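One chain, chain A, appears in both complexes that follow, with chain B as partner in the first and chain C in the second.
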Partner chain A sequence: MDKSTQTEIFFGPNHPGVPGNYGIIYEFEGDTVTSAKANAGHLHRGFEKLMEERLWIKNTALVPRICVEEPDINEMVYAMGFEAIGEIEVPRRADYIRSIILELARIQGHIFSIGGNAAGIGQYTVMHWGTLTRDYILDIFEEITGARVYHIYIRPGGVRQDIEDETFDKILDLMDELENERFPDLEKTLFENPNAQKRWQGKAVITKEEAVEMGATGPVLRANGVPHDLRKMMPYAAYDDVEFEVPTYENGDAWDRIKIARDDMLQSIKIIRQLIQNIPDGPVQTDLGNGLKYKIPKGDAYVKIESKRGEYGYYMVSDGGLKPYRVHVRGASTPLGLYGVREFLPGTRIADVPVWAKSLGICPPEFDR
Partner chain B sequence: MRNEKELLELINVHLEPQAVEIKREQNVSVELAPKNLIQALSFLKSHSYQHLSTISCVDWLEEGAFELVYHLFSYDDYINISLKTRIKREPGIFQTAKEIWPVAEFYERDIHEFFGVEFKGNDNLEEMILENWQHLPPMRKDFDTREFVNDQYEWRDYNGQKHTD
Partner chain C sequence: MANDKKSIFSPVTAFKNLVKKPETVRYPAESNDAAKRYRGFHINDLEECIGCSTCQEVCVNDAISMVEMLDVPAEEGQRNERPQIDYGRCCWCGLCVDVCTTGSLEMSRDYSYIDLDPDTFIVTPDQHDINKVDHPLGYLRDENSDLLDLKRIDIEMLDPEARVDSFIEIVEGFSKEQAEKEASRCVECEICTDTCPANMNIPQYIRGIFDEELEESVQQIYEDNPLPEVCGRVCTHKCEGVCAISHRGEAVSIRWLKRYAVDNVDSADYKKILGTEKIEQNNKKIAVVGAGPAGLSAAHYLSVMGYQITVYEDKENAGGMMRYGIPEYRLPYDALDKDINYIKSLGVDFVFNTRVGEDITLDELHEQYDAVFAATGLHNGRSTRVPGTDNNNVYQAVNLLADIARGKEVPVTKNLVVIGGGNVAMDIARSMARLQMEKYGEVNITVTSLETEDIMPADQEEIEEAREEGIVFKPGRGPKEIEVNEDGSLAQLCTNCCVSVFDEEMNFNPTFDDSDIENYECDMVIEAIGQGGDNSYIDDQFEIEYAGPRIKINDFSQTSVDWLFAGGDIARGPDVINAIRTGHDAAVGIDKYLNDEL
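Moving on, here comes the complex of A and B:
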């Protein structure tokens, strides 16, 4: 190909179309991307190294920072890894509360990312509404945990404190409001909007074979008609006690993935209602002694759970000491953000690069760790 | 659909493992000699273990070894396997798995950058996260963060108070 017709461009890290502090360096011809590579590393804070130098309990304040959109997922995987190595039982009520928190987190994450996706195609109203709706859920989080974004609430052995009955009522009221008022508005402005459909339909297609081969999970697989969900495949917390469906679509494109986010939220509401209705009484924390002296035996565990973007895993190793010997984070978007960009971005038009990056839920701190 | 025991039987028959263990429900751990590992990966991939979650590296400084852990998952069995192998810390050379899973190229690149393990056959091991890194790979256990900071940077006085280490 003639070099003079090709231009290399640095897309991000400072660009409204990229998801976070992350860049893509691509070459294009006309307005089509011909080759691309990830430009990561702008956000490297050395999480994994830091964790090795902090006590087990101190890391509970560090892990939520790994992904802004999904802090609770990180808290949960970390706690599960600790419990798996130490063979610690969690009280049933704590399992239920954890599931409620994780589902609330799923809704806030989805609504936030639907807003982000909409902003990527110029639908800024939806972005503002998404941020507003997310704030109602953050209010609930503030009431339960005292913090809005990074809760440090799910911790080894259970959760930090119990939830009051009045708070459950507030959650149920909010769920009704979301279902009856917020989501129909979203439906009219975004999902029935022909502009949005045109911008998303047939864009950023990843087939089932490609997804399995590179290890992409969650909505990427479900958009290809594969109902894989770790909440069903390897149930954790209280997910074996609730009934819900895993939404799937057939085309594997950005439009299907965004519709899955919408359907997922409705399922989350259904799950939260069941959990609140059936929550058992009892303690919410196993007594593990003095927090500054937490110790678990030698061992290792790979634990994973379903985040809103797919498998989120931690490989944790303990040498029997007061600190983790090694923690390795496997973020949901790691294969897409590094390998996927190089393999599947070429052929996309420049205006659709934000559609590609945002609809695949790329979260840079997961691979910058 | 196999259960954990049937899976371990299959592994025992075909893969010459050094140790196998059912860690907990749906989680199995298998230790292999380095020479058998790549073959084991392709064997398991053809037996429905198509999903490579990630590759982890652990630095066992006192034992002079790097432990590489390949996490596989099957969408038929719903079982997670952690395939482990230990290679000598010096010189720290292993084979690439990128012919089996192309995405492994990036996991290996990450391990190369942070632990200094060479993967033969992977020609894309350039820097990805760090920039112009001239020191010991930072995730190694003998890399001392505090010493590095003291060597590279100057402590600043805060409100007239001298920094004390």
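Moving on, here comes the complex of A and C:
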């Protein structure tokens, strides 16, 4: 190999083409990637170890930070793990509220990442729109939970506070606005844009076999025609009470993955409407006693939910004490973020690197934990 | 791909936004108010806050530290510390608000603060947040988000019908599940420790119960209290009065938890648990006068230090007022004996039926021993001295209670009046109710007191239980005269209305209204208005300093005579736990005194 044509580039951790605080070390031959290596470790947050040192309740404020883009899934799996080991029943209303929160989180996560993907191909207008649309959902979160990004709202035993009826009305109004105004705009500007289509179609292909081999789920698998969705396969919260479809495509490329994000949002709107229409009355929290003394029996559980990027799970172990003995985070993007880039990126041209990196849905804290 | 709609004109639709009103809020020129529940900067009602530090305990980022504030009240049940928040660490999770024991800590809707000096981000919030201006309230705790367990576990008790005809213990105690659940309610703030006269390690022994390590609990209890079976039943439990949980809910049942811990550990294991199987002796001898709670406490702590203790007691058994004053239905003799037998097992000698001052003088004790601890208590009942009190049918409560304890026959008539509003009055009224029930099948007892019910010194639960047992209360009445029939039997107790018990300086100085007279028919009157002591065994030989009616002692229970230490009711009242404290202080003081450190 001619060394004069070879370049090594440290891509990230602060670069618009990299999702989050993480780097990829590329070697290029000309403008073609010859090797790519994930470079994690820029976060140094050590969530898993921190959790072992904190009371069960304290961790509810820590876990959402594992994924900025989609914090609520962490709150949910943490609560589910606690409830599974402790055999704690959750009030049905709380199940509904949890599902509403998770679907709102899914929409804001998707719209944010569609914006990010668009920015990766130079469509900055869509990125701004995505951020703006997300903000309207964050307004709803602020009203329900008191915070915009880190909600600390889903708790072992239920949710922190009830949702008022007027907030439900606001959610429904926003869903109408998304469906009738903002998504059509997005459709026209991005999805019908021939440039965007050209940049994404046939790029960053991950086949079904590769996805399965890698342990990638969510849009990566669904873009290969596999309707893999934990909400359907093993329903949690209130998902067994709602009707929705699992969007799938056949080509396994970046374009299909982005379309799945779009279609997923429409399904989420459908789910939210059903949930709000059918939400039962009742309590939203099981009384677990003094928050400083939460104690569950010895035991372990692996709990998982469908995040916008695929299967998201915690393996939790309790030794019967006041703190978790061990919490292991199975991040949806861990396989692709750490190993997928090494596997798939070589051979890609430099201009397509952001297409790859962004469409994989990588969230670095999931493996930098 | 062919099915994806595309048109080069589609993106052009974005230009419509050129004529739309911008959606961005130009803060701060345009206000962007936060939502009603917004978790903004903290505000804290410094008057309401008790400095319990539970917020610090729950803070996930160690952003909260407690800082001393001298200008806030530090009354009983409070600390003059208030939370200080480091906004460089805070993540606005609001768990501190959810766990606040008093509800003083809240959040405003304020979300913006700018300063170039990083130190200004560390603030002690008061009624204003970091910006020192008023903002609407933001996130508030509600019943769902509340992290405290406000409801106490009810303790099993005998029904009034089941208990009023016997001296069986009323309170049945906690089961394991109940005790652990109740123990889980504690937030371990130690406000109770500060208030307990003996400063017991309360959160620590409660934690032992929660952790199912009762041996740890027993160790923690014996650090400051060698009579836990007693205090687990009859302590005046000041701790519960200040319990942080009691500000928004019901206090933790500290007293019953202590009882649970010691009831469920075999006394045969005590020596092993407490490390007293082998105590190294130092060959110094101490005399303890009086085998009440103070004397037993001193004897215990001195003997574990290696001193040889001899306890002189004029009665035939140890326990003092715990045995001869407190009725069996509140404190069974088995429980009392469990505590006393452990102290005996440490090698403490008891000399019963020996009255210091008569059988042996204090001076002789001084000659034979290295130091003396006197705790002879208050055993002489006081009389109201109203006309008629010299009648044979007028009795002193303490004498009757002692006779009941000894199993002696006591006079029981059909229609009784008890004068007094303290716990002794409750004890005798309820004991006599049981005897009346046994003898006549009904209860006919009236309790009169100078104090109205809100200021009666008796425990509220004692009053309630007495009432459940059929005792009638006539509070706010002053005894005027006991009318006697010609044949010498009693006719009635005449009372007038007691307008006030204390004067403006809070001295005991009752005033009466003679226009409001009530008479209570009775054939027996029992006076329970307080007791006095007999310190002549000291006074006859030594000139000792007094502080009011009680012997003056320092922090180590030392009197003005350096080898003589005093405790219990003759030095500091009014209850068992104070007596235990003075005994413990004396043990430490005697050790210092004999090592020339005092």
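We adopt the following convention: the second predicted complex is superposed on the first by the 369 of 369 C-alpha atoms of A that agree within 3 Å, B and C clash if a C-alpha of one lies under 4 Å from a C-alpha of the other, contacts with A are read in each partner's own complex, and residues count from 1 in each chain.
Simple rule for what comes next: contacts are C-beta pairs under 8 Å (C-beta built on N, C-alpha and C of every residue); 3 or more make two chains touch, one makes a residue touch a chain.
Not measured: the values here are computed from a predicted model.
Chemist: A:D139 contacts which: chain B (first), chain C (second), both, neither?
Modeler: After superposing on A, A:D139 lies in contact with chain C but is clear of chain B.
Chemist: Residues of chain A touched: more by chain B or chain C?
Modeler: Of chain B and chain C, C contacts more residues of chain A.
Chemist: Just to be sure I read the superposition right, which of the two partners does A:R160 touch: chain B = first, chain C = second, or both, or neither?
Modeler: A:R160 sits against chain C, while chain B stays out of touch.
Chemist: Between chain B (first) and chain C (second), which does A:K295 come into contact with in this model arrangement: first, second, both, or neither?
Modeler: Only chain C is touched by A:K295; chain B is not.
Chemist: Return first, second, both or neither, reflecting whether A:T32 touches chain B, chain C, both chains, or no partner chain.
Modeler: Touch partners of A:T32: none, neither chain B nor chain C.
Chemist: Going by the contact rule set out at the top, does A:T7 touch chain B (first), chain C (second), both, or neither?
Modeler: neither
Chemist: Tell me which partner A:N278 touches in the superposition: chain B (first), chain C (second), both or neither.
Modeler: Touch status of A:N278: no partner.
Chemist: Flag every residue of chain A that touches chain C in the complex, lowest number first.
Modeler: Counting only chain A, the residues touching chain C are 54-55, 57-62, 125, 132, 139, 142-147, 150, 152, 158-162, 185, 187-194, 197, 201-202, 251, 255, 283-285, 287, 289-293, 295.
Chemist: If we count contacts the way the header does, which residues on chain A are in touch with chain B in the complex?
Modeler: Per the touch definition, chain A meets chain B at residues 38, 40-41, 44, 46, 48-49, 53, 84, 212-215, 217, 226, 228, 233-234, 300-302, 304, 311, 313, 315, 317, 325-326, 328, 330, 334-335, 338-339, 343, 367-368.
Chemist: Show me the residue ranges of chain B that touch chain A in the complex, using the header's touch definition.
Modeler: 23-24, 26-27, 29, 50-54, 56-59, 69, 71, 75, 78, 80, 82, 101-103, 105-106, 110, 128-131, 138-139, 145
Chemist: Spell out the residues on chain C that touch chain A in their complex, using ranges where they run on.
Modeler: Result: residues 1, 4-8, 10-11, 13-14, 23, 34-39, 54, 57-61, 91-95, 98-99, 107, 138-139, 142, 144-145, 147-149, 181, 184-188, 210 of chain C touch chain A.
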